[in-house]
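Look for subunit A in each of the two complexes below; its partner is subunit B in the first and subunit C in the second.
Here is the complex of A and B:
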């Protein structure tokens, strides 16, 4: 029993370690039916920060926030934490200038929006890119 | 003042509802959100009362006051189609009616057929410089309040009209421009015995913006033509003693009926550092009198803590001998600290040292001959969004 407990503990720690190291990058993705192949970092900032939401193929970008990894994404994109991101949006929303990205509450909602809209831009853990999604830009964490 | 306890209750309820994210209804078409500030201010000045802007009829006397900075705003946004949306915002704050009665701050329809173009029609914010549109949203900036030396005078609350915005990318940078036309009503309190009602029937303006990396730059120009009516004890006195039309006389002296505002601004935000600087020149009718206002601010974010420092100043240039005592010369040093309790709630503390050489319109309850004095303010604030 003691040996079993120790094995469980070692395995858990190993898995946690693997999980930590695997959490390396975040990928900005689009439905692979889109003609867009890649975007630059400044285009990604313009789209997700509400400055200029146009895709390289000239269509209107629809950015999607995904709650579980939102904080990691904005840290990687603009080096700001969620209080700073909310402060940024408070300025734009309450002056009626722009709206933040649409929020997907969970991964099912997220996949639903992404698969039904060729202009929807989302972000995922780079190690877990869903099928039928094309990576446009990878952000290092 | 009866409504202050009600507003405070509402603010506390909003806070106790938790730092919730924006409430979204009806399949994401309707968004309800809000912002607010619970502000406390302590002044050591017993010869004049501090106001946030000239729309406030009474100021913070020596001691503690919750009136100056406390406010609550509620907003509904409705996405009608992919190209059309509408925004309505109401706000309660201590303002020119002398109470916390709510005002309609935004009510517009936006047509945005393209990321490079948008048209808004209805009630819009007063967008005269980099942050004037969002000056009531405490959560959006590090300070307790935007600098009074800059935002205290000659600011309209909103514009009823239309604006168009054009945005173009230039390489990795962005250039955007906005043109606005409309009208507005505002009431300014020039002293305890003189107030000015602005029927600003012709507001025209525009600004050009350049955004590159962490930098934002803006140059703007706005012209406001108004019918100004003066009232209060001083206006009555002019009528009676000199048997002349006080409105004509005071318009002649103040030049409020035609105002031009030039503005230059820059903001930088990268990593932990935030810098902002704005300078405005408000030119009054005859062109011989103008008001320069400006500030420089630096903030440094360390995890949840953001210490900041700001210097601001305002000065009237007047070739005459300040005929009605409205000329201002003042500068302020501010030091403060913002602490983000959650991602939707921030606590702030700020110390202001104000050197008033000539109070002009910026103070209330002024003792005769008060000038060349220092005031110390301590302010505490709780800002939230939901």
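Here is the complex of A and C:
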């Protein structure tokens, strides 16, 4: 009985590890019609945190937040949780100097924006990159 | 100022307090300077920490402002920093050196050392986005430091003042007051009556109490030694009076001489002996002792030489005065102390005269007043000695023998005989010179010892003159006449013999020859004849 319970526990922990590893990596993507081939991590931070909205090809970047994996993305990008990210944007509400990325409610909205806008910059789970999307930067978790 | 100094010197409490306050003041100033320095240092580090704290407080907002290059937010941050009075100026400088925000307050104040902190990106650690510089308000920091140190100074000064006052009070209460108390008591103390000093209350066992005990012990010693001295002085005065009475009234002359032989003091008896009764005038010209003494007195050398002064008592017999007033004095001089001689003088005139008289009596024939046998023998001794010293000097001796003198006694009686003898003595004296020595050796035996000054050539004439004068009739007191013849023998010392006993024999032999050869004549010693007989 005891031996069986222990076996179950070990197996569960192993499966959890395997699952986590399988979920890893978030890819920053752009419509593959864009001329931008890749961006640096720093450029990604500047664009998503509102410092500037400019792509390496000098066109205006349009960062898109995707609600389901937003928390995972910001943790991977700047090692901050959502409370900190929200506090950051709240601080900047009155100065109007910067504004948060456009919010996509679900995957359909997100894909719609991404498909119709060559300058839209979004992020997806690296394992499920949608078609017609080019990966600019892969963030490992 | 001078009176202050006097007061300062005369007040123990004041001086002690001033010394202690000075010492404490110097130490206090040193401590104060150190404390102020340390306090200022710590105040500075406190201010530094406050600045650091301010930076930490605003750092996150400043990061965001710099990250977004948000001048408005940066302005808010710097404004917020300036609301703290310690900050005089706050500025955020971009990477390229341009200012994102720069606010200054209190322009007239001095700046302290600026504190600069690199502001990193809020999202990418290590990536510097700008610099935050805070310039502290030095005047305000200084005023804070001053406030802190002012309290220290005031506390220390108050402590010093308190200490000074306390020392004055303590010294006054425990030292000065008891001492001045003792001083006043000591002033009013009549030590002769055996009065003692009492300790101030509360000081019986401490140093002041012991001081009082010591003073009392000293008073005891002084009083006892004083009374002892008084007693000794009384005894000395009695002794002095006794001595003075002796000195003034004693028959012996007492005197003192200095080392020059001059009189220092003399008693009345001395003055009577030496100064004719005049008292010694101490202020008068100095009188040398040797000037007072005559024959037999000490010479100045004897009196004052070093050896003489060291010697035991010495004695002289000396003559004082002349003629009728001539006195004989025995003086004994002994050393009293260095440079001081003491002498005692006795009048020995009577004793000396008596001795002289006895001496004269011993050598004088009482009947005739001429010399007797003893005198003659002494004179012979003198001449014998003189002859040895001067062999060329000659002395003649005449021996007289009266022819038939025995008959005078028999016929006229002894009284008449004595008278005859006295007259013969007178003739001898008349015939001889002063230096010659006529003597009656006994019975009718007369001799005449002639001095060497009587020339030998006069001998025969002298003998003949003597014979002639004796041959003249002698008239006695009873009116009777007596005739006498005399035979004279003469011998000469230095010519006939050199021995006085032989001289007598030779003179006797010559006299007997004169008798044999006819009486009433004189014969000189003839060596040839002597040899024959």
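The rule we apply is simple: the second predicted complex is superposed on the first by the 122 of 141 C-alpha atoms of A that agree within 3 Å, B and C clash if a C-alpha of one lies under 4 Å from a C-alpha of the other, contacts with A are read in each partner's own complex, and residues count from 1 in each chain.
One rule holds for everything that comes next: a residue touches a chain if its C-beta (ideal position, glycine included) is under 8 Å from a C-beta of that chain, and two chains touch if they have at least 3 such contacts.
Bear in mind that the values here come from a model prediction, so they are computed numbers and not experimental data.
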- request: Superpose on subunit A as described above, then tell me if subunit B and subunit C fit or clash.
  value: clash
Query: First (subunit B), second (subunit C), both or neither: which does A:60 touch?
result: first
Message: Looking at A:83 after the superposition, I want to know if it touches subunit B, subunit C, both of them or none. Which is it: first, second, both, neither?
response: first
Of subunit B and subunit C, the chain that contacts the larger number of subunit A residues: B
Touched partner set for A:97, first subunit B, second subunit C, both or neither: both
Task: Determine, under the contact definition given at the top, whether A:40 touches first (subunit B), second (subunit C), both, or neither.
output: first
Field: Touching partner for A:50 - first (subunit B), second (subunit C), both, neither
entry: second
Query: Which of the stretches 5-13, 23-31, 95-103 or 491-499 of subunit C runs into subunit B once the two complexes are superposed on chain A?
result: 95-103
Field: Common interface positions of subunit A, toward subunit B and toward subunit C
entry: 42, 51, 88, 91-92, 95, 97
Query: Tell me, which parts of subunit C touch subunit A in their complex?
result: 61, 64, 67-70, 72-73, 121-124, 127
Field: Residues of subunit B touching subunit A in the complex
entry: 21, 24, 28, 31, 33, 35, 73, 75, 77, 82, 85, 87, 89, 106, 108, 110, 114-116, 120, 124-125, 127, 131, 133-134, 136-137, 139-141, 167, 169, 172, 174, 211, 270-271, 301, 304, 340, 342-344, 346, 385
Field: Sites on subunit A touched by subunit C in the complex
entry: 42, 45, 49-51, 77-78, 80, 88, 91-92, 95, 97-98
Field: subunit B contact footprint on subunit A (complex, rising order)
entry: 40, 42, 46, 51-54, 60-61, 79, 81-84, 86-88, 90-97, 99, 102-103
